Amino acid sequence: MKVALYPGTFDPITNGHLDIVERALKMFDRVIITVARNTSKAPLFTADERLSLIRDALNHNDRVEVEFFDGLLVDFARKRNVSAIVRGLRAVSDFEYEFQMALMNRKLDEAVETVFLMPNEKYTYLNSSIIREIARFGGDVSDFVPPAVQEALTRKSNKG
Amino acid sequence: MKVALYPGTFDPITNGHLDIVERALKMFDRVIITVARNTSKAPLFTADERLSLIRDALNHNDRVEVEFFDGLLVDFARKRNVSAIVRGLRAVSDFEYEFQMALMNRKLDEAVETVFLMPNEKYTYLNSSIIREIARFGGDVSDFVPPAVQEALTRKSNKG
Amino acid sequence: MKVALYPGTFDPITNGHLDIVERALKMFDRVIITVARNTSKAPLFTADERLSLIRDALNHNDRVEVEFFDGLLVDFARKRNVSAIVRGLRAVSDFEYEFQMALMNRKLDEAVETVFLMPNEKYTYLNSSIIREIARFGGDVSDFVPPAVQEALTRKSNKG
Amino acid sequence: MKVALYPGTFDPITNGHLDIVERALKMFDRVIITVARNTSKAPLFTADERLSLIRDALNHNDRVEVEFFDGLLVDFARKRNVSAIVRGLRAVSDFEYEFQMALMNRKLDEAVETVFLMPNEKYTYLNSSIIREIARFGGDVSDFVPPAVQEALTRKSNKG
Amino acid sequence: MKVALYPGTFDPITNGHLDIVERALKMFDRVIITVARNTSKAPLFTADERLSLIRDALNHNDRVEVEFFDGLLVDFARKRNVSAIVRGLRAVSDFEYEFQMALMNRKLDEAVETVFLMPNEKYTYLNSSIIREIARFGGDVSDFVPPAVQEALTRKSNKG
Amino acid sequence: MKVALYPGTFDPITNGHLDIVERALKMFDRVIITVARNTSKAPLFTADERLSLIRDALNHNDRVEVEFFDGLLVDFARKRNVSAIVRGLRAVSDFEYEFQMALMNRKLDEAVETVFLMPNEKYTYLNSSIIREIARFGGDVSDFVPPAVQEALTRKSNKG
C-alpha cells in the first residue's frame, strides 16, 4: 500500500488544498494530512479548529487520515512507512521554498521522497493568508473554501 | 473619465512610487492613491503621517487624490468607478505577489482590471523598507525620497 | 483619444491574445495590433495569413486596427501618437523578457510607456508554439483559438 | 498497477534522467520511457541511438519499458492507462516550462496527472546540452552519464 | 592588499557560510566577517554567542577577522578600505534580495563593489532558519554546521 | 598576481560588457577576455571582427588581454593560472544559466571559481541581441556601445 503524507498549517484549509488531496489519491492508496500545531506566525484558527475543519471537509473519504504532528517530517514518514511527501506547487516562489525543504528532508533521510503536484490553475491565486484577509473585510470566499470553513471565517470576523 | 487606483502602505512614499503615479497620469485622467491604515507589520509612520507626506509630495497636482482605505479594493474600485488598479513591477518577486493579488481581485469582481507599470530602472533597488533602514543609520536618502520625507525620516531617527 | 499598440508575431493569434485585446479596450479608446512580418524563427503561417486570421477574429470591432509593422516600435508609436504599448504577462519568464524590451523602448524614446496586463488565468498555459505543436498531432485546439484559426491549423496539418 | 510515463528527447540520457527513473520506481510499479523521434533542434544522436543508449543504461530493470513516441502525450497516457506523467524539476526555468506543458496536458485530458520529482542536487547543473558541449571539447563526462553514453559521445566527437 | 567584507546575522554560522569564506580567501588576501548585533527577527543566539561561534569555527585562520557592525555597510567598507562585499547566492530568491542590497550600496557609495559567490551545491538547501528548526526537533545537524555550533544548538534545544 | 577570465561571444561588445571589465579590474590585477570563435547561432560579426572591436574599445588598458578560445574554459583557466572566471548578472534568467555553467565548471575542476558581478543598473536592459535588432532598423545605439561598434553596426545594416 502506497501512503502519501501531506503536511501543512491549514489556517484554514482551502479548495486548493483539497484539490491536491484529490490528485494525490489518484496515485496513492492513502493520504495522511498532518497539521502543524505550532506555527511561526500566530494562526487565526486554533490547532483543534484547523484539524476539525479539515475533517469536516473530507469526512466522506476513508482513504484520508488527519492528525497533528510537530517535529521532523522524516521521523513521521519513517514511522508510518510513507512512500512520499506531497506538496502543491503554484508559483516560482513556492518552488524555491519547497525545493529547499525537500532537499533538506532528503538529506535527513534519503528514503523520503517528495512529489510535487500542480493544483487546478484556478487556484494559482489562492492561499490561506489571502483568504483570511478577504474574510476579514467581509468579502465572499465561498468559491475558495468549503462551506464549513466559510462559516468559521464569518464567525471569526464578527468576533474580531 | 478614466480613473486609476494606486493602493499601498507608503511607509513612507518614495520617488519610485511618485514615478509610477506620473506614468499612470499619462494614461488615466485621474489617480486615486489609497493608504492602508492597518498593516501587518508595525509601520514607522502613523497613517496620518503617511497620508500627509504623500499629499505634500503631490500638492501641485489636482489630478491626484489621496485617501485612507482599509477593506476590499474591489469595493472601493466599484464605488468610485475606477477603470484600473495600478501597480509598479520591479522584480520577479514583485511579480508573483502582484499577480496573486490581481487574480484574486479579478475573482472578486471581474470588472476590476489591474495594470502593471515599470518604474524607471534607477528605482529597481528601491523600496520603503530599505529606505527606513538607511535612514536609521544616518545614511543619505535625498536621492530616493521627496524632501519632506527626508526630513520626517531624520526626525524619526533622532527620536528613536 | 488614448491609443494602445499591441505588437506581436501572432503565429497564430490565440484566445489568450484576444483576451488581452479586450482588456486593453477597457482602458484605451483604440487598439492597434501590429504584426511582425519577419520573425527570427520560420513561422507556420505567412504574414498575410497571420494578419488575415487576426482580422477575422476581430471583425466585429471597429475600435481595433490590424497592420503590418517591421521596425522600431518606438518609431511607430511616435508616428501614430500611441499612449502605450500593451503586453500580456503570464509567467516569470515572460516578465524578464518583456521588462528588457520595455526598458529598451523607454531608452529609445522616453515618451513611450509600456503597460502589462494579465490574461485570464486559464490562458496561463497558452502560447502559439504549444498550439502549433498540439495541432500538428491532431489534438483538439478549439478551446484555445478562434474557429477560423482552428480550421487554418487543420489545413496546415493535413498538408504538412 | 500504477504506471508512470517519463517522456523526453534524451540526447543523450544522463545520470540525472536515471536518477528520476529510480525515484519514480519507488512510487510506481512500472515506468514507460518515451523517446521523441523528432525534435525541434537537430539531435546529436539518431532516434535509434538514443533509444538504444537508454535500454543499455537500464537493462537490469524489467519494471522499465523504453519506446518511441511522437504525438500527443495524453493520447499515449490514455491508451496505456498511465497514472501520471513524471518530470524532473531542477530550476526555476524548468518549472515554468514544465508547468505550462502540464497545464496544457491537463486541459487536453483532465485524467492525466503530472508529478514532479527532484533529482539529487548534484544533478542540478546537468543537462544533455551541457554534456554534449563538454564531450565535444574532450572534457571528462564520466561522472554525468552512464559508461555506454560516454563511449558513444567519444565516438561522435572523434568523427565530428 | 585586497580585503573582502562578508556581512551577516549568522544565527548561527553554517557550513554554507564557511564555504563562502573559503572561496573568498582564494581571491582576497583578507576577509572581515561582520556580525549584525540587531536583527529584525529575534535571534536564537545572542550577538556575543554568534560572534564567538564564528571565531571558534575559523580560529585556525589568521586571514579572517570577525567583528560586530551595525550601520551602513558602505561606511564600514570605506573606513576599512574594503575592495568588495562578498555574498553567497544559492537561489533565485537570494538573487533578487541581494541584487537590491548591492544596487543600494552602490548608490550610497559607487566605490563599493559587491561580488557574488556560489556555495557548493550541497549547501543549496541550507540556511540558518532551517538548521534552527531541525535542531529544535532533535534532528541531526552535524553535516550542516561546525561541531561547536551543533553543541550550542543542542544546549539551546534542551533549555527551550 | 590575481588574473580573471571573462569569456563570451561578444557579438558585438557593449557598454554593459565594458562595465563588467572595469569592475573586475578593481578586484583583479589582470583580466583576460576570451572570444568564442564558434557559436551555436550564426553571429553578425566574424570572430576577427568581434575580437578587433573589443581591442579597439579597450586599447588604453594594458591590464586587459583579448584572445580567441574555443574549448573547455577550465583548461584555459588552469593553463593560464586564472584565479576566477568573471560573469555579469543582470536578471533571474541570467542567474540560472550562469549558475549551471559555474557548477559544471567547478565539477570539471574544483580549483576554478566563478565570481558574479552586477553591471550598472542602466545596463539591465542591454544585451547584444537587442543591440543588433535596434541597429538593423536604424535605431540609435550610441548610448549602448562604444563608437567603433556603432560604426561597425551601421556598416553591417547598410550592407544587409
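Labels A, B, C, D, E and F are assigned to the chains in the order they are written; within every chain, residues are numbered from 1.
One rule holds for everything that comes next: contacts are C-beta pairs under 8 Å (C-beta built on N, C-alpha and C of every residue); 3 or more make two chains touch, one makes a residue touch a chain.
Bear in mind the structure is a predicted one, so any value in this text is a computation, not a measurement.
Any chain that touches subunit B and also touches subunit E is listed here: A, F. The two sequence copies subunit D and subunit F touch through a face in which the numbers common to both fall below half of the numbers used overall.
On residue numbers, the B-F interface is repeated by A-C, which shares over half of its contact pairs, out of the options C-D, B-E or A-C. Computed from the mean C-alpha positions, the centre of subunit A lies at a distance of 33 Å from the centre of subunit B. Centre-to-centre, using mean CA coordinates, subunit A is 47 Å away from subunit F. For subunit F, the set of residues that touch two or more other chains comprises 92-93, 96, 99, 103, 121, 124-125. By the definition of touch given earlier, these chain pairs are in contact: A-B, A-C, A-D, A-E, B-C, B-E, B-F, C-D, C-F, D-E, D-F, E-F.
Interface of subunit B with subunit F (complex): residues 92, 121-122, 124-125.
Across the interface of their complex, subunit C is touched by residues 70-72, 74-75, 92-93, 96-97, 99-101, 103-104, 107-108 of subunit D. Considering their complex, residues 91-93, 124-127, 130, 134, 137-140, 143-144 of subunit E touch subunit A. Contact residues on subunit F toward subunit E in their complex (touch as defined above): 2, 23, 26-27, 83-84, 89, 92, 95-96, 99, 102-103, 106, 113-118, 121.
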